[in-house]
Every structure is written in structure tokens, then in C-alpha cells.
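Dropping the structure in here first, questions after.
Chain naming follows the written order as A, B and C, and within any one chain the residues start at number 1.
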């Protein structure tokens, strides 16, 4: 059995994985980190959240999708205390990214490491189209 | 492209995320933690597992779904040693929640933190309807 | 509402969860660890990655699926530094498992523990059929 995939490859690891894979009405995104498209990692967590959502929106747009297509998101953060102390700022950045109160399921997990020591957050989302 | 979402919002963060999002036959639940509906966090891991499944069942019921609709679950635990030393009690609580041998894929991961320091487990599930 | 599930149970926890659950065109796999089918845990991370993919391929085959049916993978690793220092070897093992440049979304997370202290990696995948 074979399936029909649409892929969006980008960045230094473009040969190794796709930033998004669409099959049928399901769109799986690679976890997007708090790094700007020019490769900078903001010092503060809310700014990293903003950057991660910009990356997510970029991937979605390759499939003709928007933030509202997201149904599920998982936040992986390296410092839960820092995260919980900045919930209002994070939710503000998030609502700005969605353009409204997000209509998504959310899970928040503290992890021991992300791919770069400067990263404080990675967001993995699933979208439906 | 827009999609038709059904949402269930509840709890202190009801403005910020949904406890469940249904699109088509897919139902994504927010990670449910080991806290009772009155906000208590049991001291023991098996009791937290029981509480988390009660929360899951509550969310499922809002969509007319039952535990047997779950296809995939991920356990995030803060203390893997404690978890592995209590596998029989945890599986007992889990089988009671499902009402039978669960028919689900399962993944078990040790995490560095959950949203509250007293929490020992968060369970994230995906259901099909 | 009830759904039609196909299950593949295997291993010491066969009563407690399925290695794979298929509903419609979605196939959810339990996280597969870096352990061989004879229960050995290789010392090196790339060999564990190879073992995990062998386990994944075995589960997929029970549903008539192949590696190319995978759309999304999450790597949980216990030592991010070790992982990042062996990226070429890991990607080599991965490409060998897929038989080509993988067409999947990927997320890489550092975790505090996996189910056995010797394990360095667990890979959770979602496939479409």
C-alpha cells in the first residue's frame, strides 16, 4: 500500500526530514523551535514562542493552510518555572500568532534538552485541512 | 481552506486552549494531568493515573465518545523509577478506567517537569470517532 | 459511537497495550525503543536507532505497511549532546531503515528517562495507509 504525500523541505536538514507532511486531510509538522528565520535565538521565552509560531505559519502556508487549521499543539519547554512565571506574555504572543483565542488542544511538557542549548521552547502541531 | 471544529473548553485556561478538538473522525485531547476535578493532586502515582483517566473520560463524553475510542496514549511521568516500581498498580488503575484490557498504542516518557510540581503524570490521548 | 480497530499485540506487555492500532487510514504505533528483538540493548546510539527502526518496521508489516507509510516521527533521546555529536551516523542508520531520504516530519526532544536505564532513544511514529 502506498500513500500520496505532499512535502515541504527547508533548512539545513532538508534532506533528512520535512517541515511538513500532508496525507489526505492530515498535516503533520516537524517541531518548530524558537529561532528566527535568520537563525537568531531570542533570549526571552515569549519571543521564542513568537518565533516558533512564525515558523509554524510559514510551514502551514506551504500547504495553503493557516493557523486556524491547527487542532493540536504540544509545547516542550526546558524550564517549566520560567514558563509558568511568564504565562500571560506567552499566551499574548500565542493569541497574536493565532489572531484570536486559539481553538486547539494543548499539552505542556518540561524536557531536559532541545536541539540547541539556547532554545527554551519547541512547539509541535498537527493541522487538519 | 477552513475546517469545521468542535471544541470543549473547561477550567481556568478555557480561553487559551480546548480540552478537546474534533475535526472529522479525529479527536485530539489536551494532556490530562493527575488532578481531581476539585483540584486536588493525590500523593501517589496510581491515584494520579486514575484521576487523569477520569479527566480524559470527561472530555471524551463531551464528544459522545468513550474510553474505547482512544487509539493512542502517551504517558509523561516525572519519576521513571517510581513509575516502573508501580507498574502493576498503574496498569490496574488503567484497566479499571478502560473497563477492559486497553486497545491502544502506548508510549512512556520521563520528563523533567509538568505544569505543577506535585504532578507525577500527564496523559495525552488521541481518539477516533 | 464505536470504532473498528485493528491491533497488533506483542512482547511482555501484550495484555496492556498494542504495538500498533489502526483505525481507518491512521496507524498509531507505540513508541519503539532501541532494543533488539532478542532483548539486547546496543551500547551505541546509532545502533539503538537501527534497532528501534527494525521494531517499527516489524509493527508496520503487521498492518501491510512499510516505512514509507510513516508521516511523522518523534525522537526521544536521553542525551542530547551525544545525539548531536552523532548526527551523521544516526541519519545514516535512519536512511538505511527508510531505504531512501525519509519523507517524514521529525521532532527531536531530550527526555529525562526512558523505560530502561540502558536505553538512549525511543521513536514514536504515526503512519497513514
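Quick notes on this one:
Note that contacts are C-beta pairs under 8 Å (C-beta built on N, C-alpha and C of every residue); 3 or more make two chains touch, one makes a residue touch a chain.
Since we're looking at a predicted model, the values are computed, not measured.
Summary of the copy comparison: rotating chain A onto chain B for the best CA superposition needs 120 degrees, to the nearest 5. Under half of the residue numbers at the chain B-chain C interface are used by both copies of the sequence.
Centroid to centroid, with C-alpha atoms defining each point, chain B and chain C lie 22 Å apart.
In chain A, 26, 111-112 are the positions where the chain touches two or more neighbouring chains simultaneously. On chain C, the positions that touch chain B within their shared complex are 1-3, 5, 7, 15-21, 23-24, 26, 28-31, 76, 111-115, 122, 124.
Of all the residues in chain A, the ones that touch chain B in their complex are 25-26, 64-66, 68-69, 71-74, 78, 80-81, 84, 91, 94-95, 101-112, 126, 128-129.
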